[in-house]
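One chain, chain A, links the two complexes that follow: it is found with chain B in the first and with chain C in the second.
Then we have the complex of A and B:
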């Protein structure tokens, strides 16, 4: 055995180990990421690109599509149903950025100091979130019945304003569905906020009290800053989900009556599966993605400007 | 050498043994060809189970070389569409109606059935013209599987107690409704919370019986516009009925009531009448008679018309076809021949409560069927044979126009849109879809 083969020269060792280091640093991480990346490309990017393509076609969901350029988007611009659905999405967004957030913040700040039975409270508020939407919606359809539900009972006991079907009146249908959706949603927020609040150091509250802070001062000057990342993240997610909402509205009213509860996701479903306009539905879906993108961009911009979110 | 020969002989015998086994008399029986069929179980498995028991098991028992294997699945139409688009799907393709089958046929996803129709004599089994509903460009692609119509049901006991007579004209129906409302009873037990497209039952009935089926036919083939005053008047009448709160006591109740509540209202006499399809009869025992805990009786009359002429709207609830990519189209067609035989159709009707296909059913075939359903079906068959039938929206309208009728009529009832504008909007959609070739076939009258 020669020296050259038994002990390689230092230059060869360096070159070999450098290659190994480069392989480890640049290639190995990709190998770890590769399975999920391939999966992601297959199930997210593929359908996303196909949706983009179909939005430029007259595809009816069955026959081969024909390329029609931006025609679907031109139709969208003048479609009153689209404008109406978008308006309903904005109303939904405003409802869910305020009501459940306020309820969850209030309830969690009251529950945060509670030690005894805290697990029970968390579970009790969280359970509606894990129930299937079809069960909750069917339950509340009965509970909101003007004849055999809560409004009927209140009406029978002389409480005015309840002799009506809230889900059947165009003026009240959207808040009524929002109420049902919120019933399952706000408990989830509460549990998240509660967890975040319990990570706030107790000393901050004690200091605030020594400085003569009221409960309200503690809430706005200690609690809110303490849970700000969680709060902002949930505001962001609420905004995104508000543009994608579908299940409760579809189960309870299918967008009715008279289109009063129609949102963009419901419109997509109807265009694709009832009107056989899958290409047009893809175009509507893309605009929903754009709205979600705008929300995420605002969030990113605020972070870059130094917001602690 | 001898040893080699012996080994070679043994090897040859070993190689031939599977062949000889195959050639033995006990092994010649071939495995039957398997045909796939998907049955929908979105609303529960009862119906699919019954179809399997009545139609599939009886076919498989024939031992004619093919057998049907059923897959039960929810939302089977969505699954079927997707599978067909990918070049797969079941051998036997079910669709929710002729307009859907037409789209599949135009996409080349269905096999033509004309040869099978000739071989199995379907022209002699099916009611005249009914196979035309499944034709595209003159070729037969889909067999109508469920024939249905709508009539005016009423609480016969309640009517007798109050001395009311079932109406024959729309004017009589309006007068009677006012009388019923004045008596503190809800005229109609109608709701749509569980099935928003229930709106089209009423729109379709008022268009057909208000303007007459002949006018609807002319509008469907583009000879008269939907904005014709003959269509405006009945739609105004329908809007008036909603405005008067005659459907379940008011629009909000109409939009939130369940079918069970509506059935119960009619059965208990809280409501007097109900315009609904023949499918209602399978649920009627839940609301009338011993099972429902009352002694009330259900009655029916044809849907009243403007001049009292009796006619029935024709609806096709489902179709069956053969997949263009099926490896066994002939055997699949053979199964359809079995499925649409009068004996199986009568059994599906009597044992499963399913609407039958437009095949000629004898009195013997109908012996086990609910007498009221048999009576209505016989009336529909007579009307169909006499060209005195109307058109249900889910059978003869193109999809977007149908959705428009369902959705936008709620704006008319809310007072946001006039009847004229509603019908003008419908005309626009209808013209566009007809021009695009999306309108289902309308057999000549």
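Then we have the complex of A and C:
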């Protein structure tokens, strides 16, 4: 500024063009980012930070909130439905760390050596992943119904143990919903694993075979180490998502029967929009983020400790 | 705190882009030894597609037949379930609502996400690391954390029960994925054209619009498809932010429809089929782009 006013000769042009260059190098890039950044701050970061505050209040969404300290968290610690929901999230975590991973690993190692029809199989397994959750849920609600569904058919044809309403029984409801969610999920995993397997050098398999390795040896000594980064990444994502799962449970049972399939996300939804305990709901949402944070920290810690994950 | 980088996936999975069946595959055993593989694969095929086949069968049955034959092929094929479901499900309205949401969101994500991606890829934006970090953290925050305060803020701003208001949330939440994917496309573009244009006096805006966007259109197409699919299928936000019946999306109104007609499976099956057929067809036509986008943006369940 001062240079421009004190010397009204070539310096003006020089300073002006330099200012222009600075503007172009430093300001313009931020102008390109600004619209989406502002929107993201307004939608994600702002409300997320305010949730920290609301979790310490008795806010009901309408009246101004009163600060009540850690009261919500004290309530939460003794709330049996919170504990129950958390336990269900852990059960969900264990189910999804095992069943879909095993299915996708098995199927992708079966599919990897196949050439004829490979693309067809892959597409077919992937299709459920692109369908909306409400459709999948309603389709399986029918298919799992005791009178007209597949369990009834199996029962009529002499397969024992299928004469019950899997979605209506508190003992089976959570695995049943997990089954439905997994139907749409495992094919996605398969495609990821398959893509990773196709990057494993062929020679590794050839030399394993020269050493007399069985198919199982190949799988555990070549395939698994070969896709390890993808596998670990998906285990991590599964662990994160397991604490956030909502859609299938809400659509199929709304947490029922009698709270048997309630998870934390369902609890947040009910407390906020049914019971108008917005402050309490924010507190539950905050604990969910803490669990996600813990998952990520454990992962990072193991990696620092030299686990190659 | 180290976050699961979306970008690391592109490094892990270069072949997700072009899954060539002929790439080095484990095995390479003779065809005869693949028979067990085919048996397992076909069983899994039945598991994946069987329910959809039954859905199609049921959409073509009369109510009376479905009661007797809930899983098998229809004895007498009727098409009347489709117009009826279209009518009682109010599909002409909900389809329009969903398409409107998809359109606003896709345009918004591509435009604003594209601008940000350009800045990150080509303009050496000061503070790029910080910005990337923020986008990664923001995209891995659970929606339940900010859902409640967001709802009440949106209510104050009269953005609840407003398609534009919901689209704004979609644009914001889909943006990080879009930015990272578009950036990875733009980084690969040679700088020569841009620099030539800059020497000729083009502004960054002109370089973006006339050179970078046309050259990175496959990235825009991929992101557009994935975002469109995500918005079309989205349930939680649409349920919370649209509570008036005439604003419902295909998905939220189907959910009501399915509980209202839970006893009439012919009708719900026909409605389901009408909703998913366009999705399946578009997916099959553009499967490479879909899979590329979905596997690389895998941060959403």
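As a working rule, the second predicted complex is superposed on the first by the 269 of 309 C-alpha atoms of A that agree within 3 Å, B and C clash if a C-alpha of one lies under 4 Å from a C-alpha of the other, contacts with A are read in each partner's own complex, and residues count from 1 in each chain.
FYI, contacts are C-beta pairs under 8 Å (C-beta built on N, C-alpha and C of every residue); 3 or more make two chains touch, one makes a residue touch a chain.
Nothing here was measured: the structure is a model prediction, and the numbers come from that model.
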**Study point:** Simultaneous placement of chain C and chain B on chain A, clash or fit
**Key:** clash
Practice item. State whether A:220 touches chain B only (first), chain C only (second), both chains, or neither. Key: neither
Check your understanding: In the superposed arrangement, does A:254 touch chain B (first), chain C (second), both or neither?
Key -> first
Exercise for review: Pick one for A:140: touches chain B only (first), chain C only (second), both, or neither.
Suggested key: second
**Study point:** Greater chain A contact set [chain C / chain B]
**Key:** C
Practice item. State whether A:74 touches chain B only (first), chain C only (second), both chains, or neither. Key: neither
**Study point:** chain B versus chain C as contact partner of A:270, first or second or both or neither
**Key:** first
Exercise for review: Using the touch definition from the top, say if A:61 reaches chain B (first), chain C (second), both or neither.
Suggested key: both
Check your understanding: Touch check for A:169: first (chain B), second (chain C), both, or neither?
Key -> first
Practice item. Find the residues of chain A that appear in the contact set with chain B and again in the contact set with chain C. Key: 61, 141, 273
**Study point:** Residue numbers on chain A that touch chain C, as the complex places them
**Key:** 24-26, 28-30, 32-33, 35-37, 39-40, 42-48, 50-51, 54, 61, 103, 106-107, 109-115, 117-119, 121-135, 138-143, 148-150, 153, 183, 185, 187-188, 191-192, 194-202, 205, 218, 222-223, 229-230, 233, 236-237, 240-241, 243-247, 250-251, 264-265, 268-269, 272-273, 278, 281-282, 284-286, 288-289, 292-293, 296-297, 299-300, 303
Exercise for review: Spell out the part of chain B that touches chain A in their complex, as residue ranges.
Suggested key: 78, 81, 84-85, 103-104, 106-107, 109, 192-193, 196, 251-256, 261, 399-400, 403, 407, 410-411, 413-414, 416, 438
Point to revise | chain A partner contacts - residues on chain C that touch it in the complex | key: 1-4, 8-9, 12-16, 19-29, 34, 37-38, 40-41, 44-45, 47-49, 51-52, 54-55, 58, 66-67, 70-71, 112-113, 115-116, 118-120, 123-126, 131, 134-135, 138, 140-153, 168-169, 171-173, 175-176, 179, 204, 208, 229, 232-233, 235-236, 240, 250-252, 254-255, 258, 262, 265, 268-269, 272, 275-276, 279-280, 283-284, 287, 290-291, 294-295, 298-299, 301
Practice item. Going by the contact rule at the top, pick out the chain A residues touching chain B in the complex. Key: 60-64, 141, 144-147, 164-165, 167-170, 253-259, 270, 273-277
